[in-house]
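Right, one structure below, let's go through it.
Letters A, B and C mark the chains as written, and numbering starts fresh at 1 in each.
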Amino acid sequence: MALPSYAGPIERVWYYAYRLICAAIFFFLIVPILVIIPLSFNAEPYFTFTPEMLSFKASGYSLRWYQDIVNNEQWLHSIKNSFIIGIAATLLATAFGTVAALGLSRADLPFKRLLMAVLISPMIVPLIISAAAMFFFYSAPFGSDFALTHTYAGVILAHAALGTPFVVITVTATLVGFDKNLIRASSSLGADSVTIFFKVIMPLILPGVISGALFAFVTSFDEVVVVLFMAGFEQRTIPRQMWAGIREQISPTILAVATLLICLSTVLLATIELLRRRNERLRGVTY
Amino acid sequence: MAQMTDTAGPVMTTADGTPLKQALARATRRSKIRAFLLVAPLLLFILVTFIIPIFDMLSRSVSNPEVQEAIPETAALLADWDGQGLPSEDVFASMAKELSKKENRREIGRMAARLNFEDSGFRSLLNKTQRRIDRVKEGPYKDALIAIDKDWGETRVWKIIQLMSPPTTLSYYLNALDRTYDQDGNVVMQPDWKQIYVQLFLKTIYVSLGVTVACLILAYPISYLLATLPPSRGNLLLILVLLPFWTSLLVRTTSWIVLLQTNGVINDTLVWLGVISDENRITMIYNMTGTVIAMTHILMPFMVLPLYSVMKTISPSYLRAARSLGANPLVAFVRVYMPQTVPGVGAGSILVFILAIGYYITPALVGGQDGQLISNFIAYHMQKSLNWGLAAALGTILLAGVLAMYWLYDRIVGIDNMKLG
Amino acid sequence: MKHLLKSAGVAAVGVAALGFAGAASADTLTVVSWGGAYTKSQIEAYHKPWMAKTGDTINSEDYNGGLAEIRAQVEAGNVTWDLVDVELSDAVRGCDEGILEVLDAADLPKGDDGTAAADDFIQGAVNECAVATIVWSTVYAYDKTKFKEGPKTIADFFDTKKFPGKRGMRKVPKANLEFALMADGVPANQVYEVLATPKGVERAFKKLDTIKNETIWWEAGAQPPQLLADGEVVMTTAYNGRLFNAIANEKKPFEIVWDGQVWDLDLWVIPRGAPNKDRAWEFIKFSTDTQRLADQAKWISYGPVRRSSFPKVQPDMQPHMPTAPNNFKNPLQNDFEFWADYGDELNERFNAWLAS
């Protein structure tokens, strides 16, 4: 939207004012995330820029908060937990979600709207309600005494349930442009349905599956309410550890962890973007 | 069905002789079943891990088994009491008998906790009576109980037990709406100092609306910019929206604490610039301001993304046409462009509102005392006061609101059209 | 893994019940407490010597107080915690609700000096379902660098004219209402009498009103020293042990005001149906003997609950105990019965007051 040549003076002023407003809004969006990164290298236990930092003296910066993470058993344990729970929940959510998306994208599925509404509901129901409900139910599923609270299995199942809607949505979206003739062709050439799934369908919907899986992973990786209610000390995850840190003692170690998480989200974002472009290219969508 | 087509005379058949119609129907049915079978595993998974737990919790909002389980016989006798004066000696005798059962201790403890939610003092009344009941060997039990605690001689006490005897109750919902039963079973308002939830629901709605509007105001201009810039630059700027979207909620909340606190980056900068003095640092966090700022930031990507995807599909030639027909830029934008963005505005607004109304983490961490929303009180009753019935009732009301918005979203946008990233 | 350990524990108890148990059988106990400096003191004073003596393993878990988790475990019939450190009012409430094991107090060991346990423990420390370990106290402290002449009494905490600046208080009515009444002139021994009347409650909230706008509310025990250190508040209520930790170990310029301290007990309880309840009871008896209680006071400034432990507390810790004569001039004991009864109602009222 370059400025048209016929623009009048008011329009010209507005054009620049508008750009300035947009710049301010982008600033609001991104600064809170960027400000944490330099502060995590603070040599002092403060949450603000010290004079040494502002004058870019080496003495103002240090890696001590990163060393803190490495030396702290609890942080290491929570990092390990986050990955164990995140990966297991992602695998479950992706498997269930992908297969369901195949069914959901078939035109002849009965009660499609209702089914979709039910399957998406974990994303819509406020987390506090989901967490409370799961806490009650998982502590005595169907009245049995096989409690899932305070176990890895319980947290993984809960996170998988919360992650499936993302897989369903992304994979269904990929399947919208899927050419059904490919299935018919391969089936007429003698492929059985398993072969068709892995050789024909999977490669085409893979970008959708992967981005759905990444969404599911992030959902689990970033989730704290269910963990607060259901997990025991053993199952503490990174967000749970950060939650305790923020509530009780906000030490700069949290900023170091936050910086690492920002790096991780940057990597995930880049992956998603690449996948999206690949997907669009495959389907011939161009800008 | 097969017979019907058989008797209708000559029919078209497939190679193996089945009527074509029937074969087709069977194929369709098989295909339907196959489609359903694909969805079934996830459906079952979600039902067991999610939907059933939700219903299980909702049922707690009306479930009221405590009195029934602790003193079944007394509860049955009390059901016939007319509520005048004191119940008969039989009721007192059965109460004394049931309170003295040692194996009932846990049930009685739970009843005491339950009744104490209705009226303070029940806990000590029942525990004290239970401790001393062994000394009562014979009747008249009425006098014996009143001798243990004179509260047993109060009509009010018996009325409350009677009222709480049925296995289901609406009292948690009444409580969640700042109402209660008076001793005659009429619904009345809670005393002033106990009225909190209606106000809290309203506050949650106002805050969610405020956050939604703030998100809309901030998201609209940048979405327009993103949609109208050439793709290469637009995509670059889009990262500034997507990075916050992908960054952990707790990281973003932490950064707002770092920025806004009294000794935080913003206050430090303002002091350094001389805008404010060191003594008059602004309080921007641990109150409603902090909650609204942080929530707006966190939820904004959910507004930008639907707006952007709608705006991208609007051809710029409409605006140019309007301009060339003589409309001034503002009129052209408001009358021609904005109406086309309504689906995006609707989708984004409902999405942000739904997410905002159930927000827990951010208000809990930066809300202080006046920035707490309804979710925080649900958590409070779950974890601190142990009033699980009330937590369930508050949750049910919240859930009903959210589902109404969800339904609206489905009507306007369609769930299948939901897009991510 | 945990289930494996648990079933091993169950098996071990089974063996013990059959009478084959000797010193050789080792269990795993899950002990739950409040975390931070306090849990550390328990590990040093109780857990380590117990593990050395018996060969047991102790899993130490943290929690934030309250009965919710115990109740959920008991109601589900799947108890994973063996031993929990709770506040007195929760011990009483949990016992009344029947979610805690009833303990046999007669079985507690005598004091070192031969006093029977019943006489050795201070009053209220042994309860039907719980045995206390420490006396702790809610007091307030201020930042010495902010005032030339610091506050001295509980009334000064509410005097924002003489001592301007933000206050920190725990986000519960407990202790705060008591502070308010004492500051308003009610003698410590009449506080609960007054608070049991609607007028008294009114009066307490009115007093709190005077500093409501100046107050930041904290929830976890580690927060108030942090608020004080960050300059977010100039004075705050806090647990005395956490303040001691900040002053002695982190060299913070804080001063504790003991006037009007509200003291309370922390107790061991065993959730009903705990996997190793017999072993847990053995552990309770061990950790509440004279020596162990005196040892704990080495690590944090919470007082022992046995009279026979008092003389064994290190001399340099003595002046920091809530029960030290200089600190114990105007104390108030938290009335657990009052809070068991009025807790629900006052909490509700407090929340409504905060939100308005």
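We adopt the following convention: a contact is a pair of C-beta atoms (placed from the backbone, for glycine too) under 8 Å apart; a residue touches a chain by one contact, two chains touch by 3 or more.
In UniProt terms, the chains line up like this: A = Polyamine ABC transporter permease; B = Polyamine ABC transporter substrate-binding protein; C = Spermidine/putrescine ABC transporter substrate-binding protein.
Note that this is a predicted model, so its numbers are computed, not measured.
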Graph class of chain-chain contacts, one of line, ring, star, complete, other: complete
Leader among chain pairs (count of C-beta contacts): A-B
Centre-to-centre distance between subunit C and subunit B (centres being mean Cα positions), rounded to whole Å: 34
Computed distance of Cα centres, subunit B from subunit A, in Å: 22
Whole-Å gap separating subunit A and subunit C, where each centre is the average of the chain's CA atoms: 40
Multi-partner residues of subunit B (each touching 2 or more other chains): 261, 263, 382
Touching two or more other chains - residues of subunit A: 135-136, 247, 250
Complex contact set, residues of subunit C against subunit B: 66-68, 71, 93, 96-99, 171, 215-217, 230-232, 272, 337, 340-342, 344-345, 347-349, 351-356
Subunit B residues touching subunit A - in the complex, by the definition given at the top: 28, 31-32, 34-43, 45-47, 49-54, 56-58, 60, 218, 221-222, 225, 228-229, 231, 237, 239-244, 246-259, 261, 263-265, 268, 297, 300, 316, 329, 354, 357-361, 365, 375, 378-379, 382, 388, 391-392, 395, 398-399, 402-403, 406, 410, 415-416, 418-421
Residues on subunit A engaged by subunit C in the complex (per definition of touch): 135-136, 139-140, 145-147, 149-151, 232-234, 247-250
Touching residues (chain side subunit C, partner subunit A) in the complex: 2-3, 36, 61-62, 72-73, 75-78, 80, 219-223, 226
For the subunit B and subunit C complex, residues of the former touching the latter: 105-110, 112-113, 116-117, 120-121, 123-124, 127, 193-196, 199-200, 203, 261-263, 286, 368-370, 372, 377, 380, 382-387
